[in-house]
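Take this structure first; my questions come after.
Order of writing sets the chain letters: A, B, C and D. Residues in each chain are counted from 1.
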Amino acid sequence: MQSRTMSGIGRRTLIKSGAALGAFSLAGPAIIKARGETPVKLGWIDPLTGVLSAPAQSETEGAKYAVAAVNKAGGILGRPVELLVEDSANDVGTGVAKARKLIDRDHVDAIFGDVNSGIAYAISQVTSEKKVFHIVPGGHTDPITGKDCKWNVFRICNTTSMDANAITPELVKHFGKRWYFVTPDYAYGHTLQEAFIKALKKAGGEYDGAMLPINTSDYSSTLIKARAYKPNVLLNNMGGLAQVDCMKQFAQFGMGKEMGLGGALFELESIEAVPPVAQTGWWDMEWWWDQPNQPEVVKWVADFRKAMGKTPSARHWFGWVAIWSTKIAAEKAKSLEAIKMAHALEGEELPPEVKLQPGKVFYRAGDHELMPNIFVGQVHPAKGEGNYFTVSSLVNGEQAQPLSETGCHMTYPA
Amino acid sequence: MSATTISAAPSRTAKPKLHLLIIWAALLTAPAWMGYIGGYDALASRILVFGLAAMGLNLLLGFTGVMSFGHAAYFGLGAYGAGFVLRYWVHSTPLAILCGILLGTVAGVVFGALMMRRTGMYFAMLTIAFGQICYYVAYSWNSVTGGYDGLRGFQRAPLDLGFTVLNIRDNGVLFYYFVLAIFAVCTALMGLLLRSPLGRTMIAIRENPRRARFLGINVERHILISFAISTFFTSVAGALYALLNNFADPTSLYYVISGNIVIMAVMGGMLNFWGPLLGAAIFVTLQDYISSMTVNWMSWIGIIFVAIVLFFPSGVLGFLRRRSASK
Amino acid sequence: MSMLEVRGVTKKFGSLVAVNDVTLTVEPGELRAIIGPNGAGKTTFFNLITGFFPPTAGRMFLEGRDITNVTATDRVAMGMARTFQITEIFPELTIRENIRIAAESAMGLRMKAWMSGSDTARVNDRIDEMLVATRLTAQADRLVGELSHGDQRSAEIAMALALRPRILLLDEPTAGMGEQETFQVAGLIRRLHRHANYTIVLIEHDMRVVFNLADRIMVLTEGTLLAEGTPQQIADNAAVQAAYLGAAA
Amino acid sequence: MLTLVLFNLTNGLILGLFYVLMALGVSLILNLSNVINFAHGNFLALGGYVAYALSPYMGYWLALLVAPLVVGLVGLIVERTMIRRVYARPHVYSLLLTFGLSFILQDFCRMVWGVNGLPLSIPNVLNQPVSNTLFFLTGYRFFLVGVVVVAVAALFAFLGFTRVGTRIRAGTLDLDTVSALGINIGLLRSFNFALGIFLAALAGVLAGGQIGLNPNMGDDLVLPSFIAIIIGGAGSLVGTLVGGIVIGIASAVTAIWWSAGSEVVIYILMVVVLVLRPRGLMGEEGMMT
């Protein structure tokens, strides 16, 4: 109630006055605090319960950690930052309701979420309708910044095409060109597999594959089929716990002796759920903590470990970047108005203490997709705390997917 | 007085009319006061939608005495039916609702006919299983339903009344009144139904199926009819849900939603016509609040389920009535 | 033509023979009583007649039509109405509503979601008629569950009558009743039989009621027909006296 | 192709046995208590987690036995304090009760053991494929089949040859008669419930070794176990056994041609069975109406 921005009042009044009973709403408690004390409210929606709760929880932790840091650094526009976390329960209806609640009732200045890209997309419909600044930290399907891109929506995690393009040369180099896909049967899986096929065809390879229900936990039938195809490498495109189950059974069946294992996205949360014998394969990490040559990263990781008692994952980094990006956008725009923030963030390069990696990391203006490095490397059993992955190369995001291939035509409201 | 069960039968007293006055006054002014109790327009619409779904279910559960734990299927099919029209066919809100109703009700009749030879727990189990069929179809048929990601890329269309256009697309309050109008029509139909011979037959089956059979009432056929009618109203709610979210997704067909609809009916008081609406209001609001306050909301919702079953089996209205009766 | 004809019906539950080869003929306008000690198979026999479950063997005819494989619901439509040993009513509805459900069912209105004014009037007339016939007009708007046992039984009979049955089957209509209530219900049955000329089959324990009302009596023991005849013939029957009346004395 | 089909048949059998273990528990409780246990999958998860918590102290083998016992005891407490109070009430209450319990149990596992998946380590001896051709028959899968076969055989022997078992079977057929014989139905139901939960928890420990532990791990197994019961036929434990194996095989064989259909096929199968043979493969006519 207290944190109405100028644009917020304007928008709300407009909506309310359209209603027959709009007059009532003006009688609300009109305590206007000094501008400096009024917190900037950020609404964070993630599936904290349900099958995606592990990455969702990490993202949320990262965001909370970032909010503490931002507040220490003077908040946003000199105002303290308040994070309102909502559980989408991995359900679109709930996610959309939470977005409306954060916008209509809590009058948040920005919305973040969701790990589930279907929910992220649905929320983006609400935020663009309500003209609220929206960052998708970790929902991967391409259309969010591709053919369905919206002026108010920015994304931190990679598109599936970026991930696929980054790892393909390594897989071809190490294993060969005959691939077998194990892919979840939903948009994320489809776009990922298409991206892989495109990249593989360029390299002159051949493939076969199986589309599985997203929560599949038994892979024996699929692995039997896969082995019969005699591929050089098995691409495990499943997500979260399903990916873990697939890896375990791959190891149990001793299939590592006959073919390589790899895929696009893998996460620290998942590696830890796999028994050591199954910790293997070539993968992308969308961010990896172990960067000994980057002093600010080493310091950040040490601080994070001290504060949170765990090693930060890519999801933590998503949360971190999401909050800092909002500060950067608002302070460059000198406003919390979504349209000004959106313009401000376009093409903006992240500073070292935010990007936490070498090279230039920026939001591409044409599709609002963050262009970080993709960490390509090999997973192995832990060689020290959190040390499960050895980076072999960094692939530049823009190189992985040029703007022309995204299908995004960014239009701003008149 | 234990006149709870005949509240839907012709009433001659003034008291129910007072109830009606309060209910409709509250519903009509909801957008004005929702904000003060921490609500918002979409929450009010959500309550109406689930209230309608629960009242539809309650025709079967409370007034015919037959258990269904699979009504999410018809709710979700209503949503998809509406979504299909807007996504693939024409930009028309009324047509979307009609198609949602058609899809949900046809499925209700077909599944009902397949299930009707079973009673008791096996019937309940079959309702769940048939509901899950719809879930898996929506989930697997990517090219049509959008699969796991849901059916997206549509928006409810403004309502063209001929003389004026109501922009229910962009105006949340206006959309609330649109939902309320449909809700009003549906509840009027339900009220008329329960006062009709068909409604009395349903109540007769609930009260005493054996007696009903020996009054020449074909119990199975009437349960099927009741089932179909109940899926009709639940699919109306589903269609409205799709319009509310501008989205249809498989979760709306999942059995957890069925369970939520059932608990709403029971929580409010399933022997009362308006009980499910009250239950929906309480449940949706509680879920909204608790899930914002704690990530362990599932425990709280679970505890609510258990507490209702063990301590308030006749729901809030039943509980109030008994308290006032014992004074 | 006989109103009801039962030819050699048998009902077995597993190895237990509940009803064994029983034959019965009831003429129009007749009041037939079925008596016998507990466990004689009287109610099972009733359940067979009304279609509660199918017989293991034998056939049944209602006004010459074979009803052996007809469902209970359809038998009602053909003119058969029954009451139960333990009163089966809709306890949380008023007497009027109870009868209304029966009347609407009998008049073929039960599927209707809307009713015309003339239908409503016809239903109301039938309800009033039944209320008068069973002398329940004064209690018409009370919940059946709140009534005395005798009135509840009268209400159940009123529901059966509202079906306009060709034949009425009453299972122990005075069971568990006091002197006054027994008198009330027996009086009602007598009026239905003598004045309205209903065909009635009843199972009854109270011998005063049976011998006062019945035109003919059949006696069942252990599922088989022991004797059949007028009240006088039954009273004089040595086998009946030995097996049943003697045991009761 | 033939090898592929044969592989999948065998594999489906293994899968089916899993469903069987789960469905038998649901079926036992349904038959005697007339309660559909929605929380069955959560008891399964709890079984896995308890084994995970216990195995550092007592080793895998002992935990395999002790964890189901512990969870069975939890089941017994739940039955005595809550479930038994709704036996006499309309079905809707028992459904809602177990539904609510499933929420609570799922959240409990999440609170105690966290949202990240946890691996349940199995002894190395079980972790190797038996042969190179039959690579999908790992030692663990053989072990899993062995445990299920032993458990199911023991269950049927128990129901067939012991006094309590005979009473449970009799109670399934005719509860009134059993109680008229002076048997304490309340105790019988409590024991039977705990037995069903024991089986679920055992399935949980076994599943944990194969697919790992997470708070939602039982969710996807509850509905298939309902289907197994419907296909097998109400009131018949043998039917449930057959039903579980049938859907396991159907699901595995379907995966050869149509991977995404491996879940939906069991529902299609159910509809086919219901249309052709409404009482299920082995159901008794009287039981289902």
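In this text, contacts are C-beta pairs under 8 Å (C-beta built on N, C-alpha and C of every residue); 3 or more make two chains touch, one makes a residue touch a chain.
Given the structure is predicted, the values throughout are model-derived calculations rather than measurements.
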item: Chains touching both chain B and chain C; value: none
item: Relative to chain C, chain with the most remote C-alpha centre; value: A
item: Chain at the geometric heart of the assembly (C-alpha centres); value: B
item: Distance between the centres, which are taken as Cα means, of chain D and chain A, whole angstrom; value: 37
item: Rounded Å distance, chain C centre to chain D centre (Cα mean); value: 49
item: Distance from the mean Cα position of chain D to that of chain B, given in whole angstrom; value: 32
item: For chain D, residues that touch 2 or more chains besides their own; value: 107, 110, 260, 263
item: Multi-chain contact sites of chain B, meaning residues that touch two or more partners; value: 140, 298
item: Overall pattern in which the protein chains touch one another (line/ring/star/complete/other); value: other
item: Chains grouped in pairs wherever the two touch, ordered by label; value: A-B, A-D, B-C, B-D
item: Chain B-touching residues of chain A, taken from the complex the two chains share; value: 15-16, 18-22, 24-25, 28, 48-49, 84, 86-87, 89-94, 96-98, 100-101, 104-105, 117-118, 121-122, 125, 129, 141, 148, 184-188, 190, 213-214
item: Complex contacts: residues of chain B adjacent to chain D; value: 61, 65, 67, 69, 114, 117-122, 124-126, 128-129, 132-133, 136-137, 140, 255, 259, 262-263, 266, 270, 296, 298-299, 301-306, 308-310, 313
item: Of all residues in chain D, those that touch chain B in their complex; value: 30, 34-36, 38, 82, 85-86, 89-93, 95-97, 99-108, 110-111, 223, 226-227, 229-230, 234, 260-261, 263-264, 267-268, 270-271, 274-275, 278, 288-289
item: Residues of chain A touching chain D in the complex; value: 48-51, 53-54, 56-57, 185, 210-213, 215-218, 220-225, 227-228, 241, 244-245, 248-249, 252-255, 269-270, 272-275, 277
item: In the complex with chain A, residue positions of chain B that touch it; value: 29, 31-33, 35-36, 38-43, 46, 139-140, 142, 146-150, 152-153, 155, 167, 170-174, 177, 241, 245-247, 249, 251-252, 288, 291-292, 295, 297-298
